[in-house]
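Order as written gives the chain letters A, B, C and D; numbering starts at 1 within each chain.
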């Protein structure tokens, strides 16, 4: 559709209580701003930098919590899977199945996700060109599903840094599917930190605004009521209290860039 | 100041007639949109890819044409110099002296430009980090001039490609000087073309919008009435006929991102 | 040990007959040059660019063929796994289990591989810094296995290109494990090709020589009797007929760089 | 010619005494190893990171010192120029005129250097692809001089880092001119340091060996008797006392890679 949408939630499910608390706040922002939101939280961070990092509650417990979020808030939910065997169970709860960036070339994972019939959000690998998404799309479609979203989440730029190439949004939109910009992970410094990914939260809002201005259909942001103590991706997590204001700004930019020429043709 | 400004004009002075024609159109856009414009055209392209490319009319003839632009349209003018010996003559006509990106570390050029007292627009090298601009700024200030602008024009990204890192705008703004985004050269594929730089014009407008959304104070764009036949940088040159509409969009985005929170606090 | 070793074989198991034919030739080169060789072939290319590409015979049939290679030639064998569930079956045949570069951060895969007690060859992700390997190493060690090799296979350099950073070899050697340089995949242009990875075979030999000169302990190369018709990675595959000469050159370079200073101290 | 050659000397002329002392040592290494050496020192570092850095004695005093080096040691000398006006004076003393990497696209500088008839060493810009050198070569040749060398000195890799792409050596050799690898500047971290370029000296020797193995005809290294107190590029400067050993290793690698197949055909 023509309207902006958002994918919002904590990096990982830290607890049922906190997850629901964030979901309620996110749902309130959605209602007050009129911008549709998909609630996101991972049940298992299967590729944390360090083996000692918190990974989440696991699939079964995590999906149960996401089902509660869905029931209580009415928000659609999205989460990521890591091996083909998780696809069917995930599809019973999730509205959107997300393919992690590192795994965006794993054929069997794409096929298994596709077969569930759920919407598939493919995150473009940090090592991939926008054009490379053609092949990921074809893999999903080959299994009978063409409900696809593509997400830009930054591309490798030297060591331990990512750059958000706004051209990628423009190029990927040419495939005809909604393009999401992940403002959280584009603000990451992978591996730069003592055993965990670093990041710079101050880039999240400007990059999100830039992406909407460049034409992104959706914005993905991890939000937390206490980013400094988040169990995952805290350094580049956005504070829940600032969310509503940012959403209104993003929505206003979207209106400017998606409006026809009429309103601007006469100064 | 808080308002958006633009640096607009052809890549190179092709002829007096064409330069004046473009300047008149640019001045009209400025007047109709209320957005201040500095007129830009190079008198000598001293670093063309190929020795056979058109370089321009040279300094003396070029400055004479720019003086006419200034007189006829009232627009301030900017152009680039390449060796210290050009600084004084250039300063007699130019309002802003531009330091080319390749030359942004040439100490004597920065000092000579600084000593003229004109505003200095330092283009960040394709090989430089935003933080590196600290040293260029200090060079200019050491010669007694602190009227500085900084321009992001893309950073090397593999071979024959540039990426526009929007974080660079945010970081450079911390120096306290206006930050310009060059949407034309950020859309360049350097060296990719038969003896001249390639580019993709379709990125110019979205990147310009993204940069304003990310906080850029100014936008630099090369414009031409017939980009396909421009003598320099045609592939990534913006069509003069589309300029006014884009300027209105950029201005509207600027208003959204620079306004206080009030207007967005009530949906 | 102080001596050079090689990992050689076809990209993928195309057929039992061809695999054995290549293995016999590789074994002969090993015997004639005195350089130890581990035979490599994938049983499943789980992340091919296109869904239509040949993937291999699958795990069970593939391991059977590798067992035959081992029995007939006496060469140790290495292959790659993609999900944790494959680790135990693979360990029954393989001497070395390889973790693909895209999957080098998948914690469960590293742990499952580690628990088999086999040597683990971790390929550094195209998106990773040499220092990042510390965390992959710790994951493997945390499951009780410290028989590790690290492989450099090129790092993302702009879009659809990889660069072989020789500093990576030097840095990774500081971890205290053997460091392998993958000359085949470092010569790849990922995604650049009509639905498959491109590459440039002419870089394989010079990069392999450079890596040995820079201190690599092992060289990984895909070899084929007919690279132009190989079913996988043909463009950057090395011709089997040229192998022995190259191995002798690599061995001679290794001798030069690993010898003490004595032989060079008196001209 | 088929033999390896070296370009050696301090980054900058610190004093006549020190320059001559280094030159004598370098000449002795050349004599004892039989490897030809061109002596290199800059008379003016025109693009230091900081305006406060030492720049050198200037052109006139510097060329006088280089003339003394030449007279006393018999070594040919090379230095770099920054503006066209320096070419003629430089050519009176220098055997090779070097075009700095940042200036490798400055047409007038290339033309002025070319017209002197001296050998021209063009350093490939940190922002350039190997293929881009075609245009720099054509500029030099257009002014009547085809005595050219090309130097790889690292390419931009993210921010404040360079990577030495060994493929560049292979690609540039296809132009038919000698290719030099600059092991010093390829070990630089530009801008990473408090107001000066950082670097890591431990990469110099392995990268030099790798480059010779990959086919480089010449190696450029900055050497100093006390790198920690060098006035320029100390962090990545090679210690003069270790030079002879390294030269012998490089020479031995060159012999291995340039010899015909005979010596290796019978194990």
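We adopt the following convention: a residue touches a chain if its C-beta (ideal position, glycine included) is under 8 Å from a C-beta of that chain, and two chains touch if they have at least 3 such contacts.
Remember, it's a predicted structure, so these values are computed and weren't measured experimentally.
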item: Chain whose mean Cα position lies farthest from chain C; value: B
item: Pair joined by the larger number of C-beta contacts - B-C, A-B; value: A-B
item: Chain centre separation (chain B, chain C; CA means) in Å; value: 48
item: Approximate Å spacing (C-alpha centroids) for the pair chain A, chain C; value: 34
item: Centroid distance [mean C-alpha coordinates] between chain B and chain A, Å; value: 35
item: Chain C residues counted as touching two or more neighbouring chains; value: 155, 157, 159
item: Sites on chain A touched by chain D in the complex; value: 157-159, 161
item: Sites on chain B touched by chain D in the complex; value: 46-51, 55, 82-85, 102-103, 105-108, 111, 125-132, 135, 138-139, 142, 155-156, 159-160, 190-191, 195
item: Footprint of chain A on chain B - complex, ascending; value: 32-34, 155, 157, 163-167, 169-170, 200, 202-203, 206-207, 209-215, 245, 248-249, 252-253, 256-257, 261, 264-265, 267
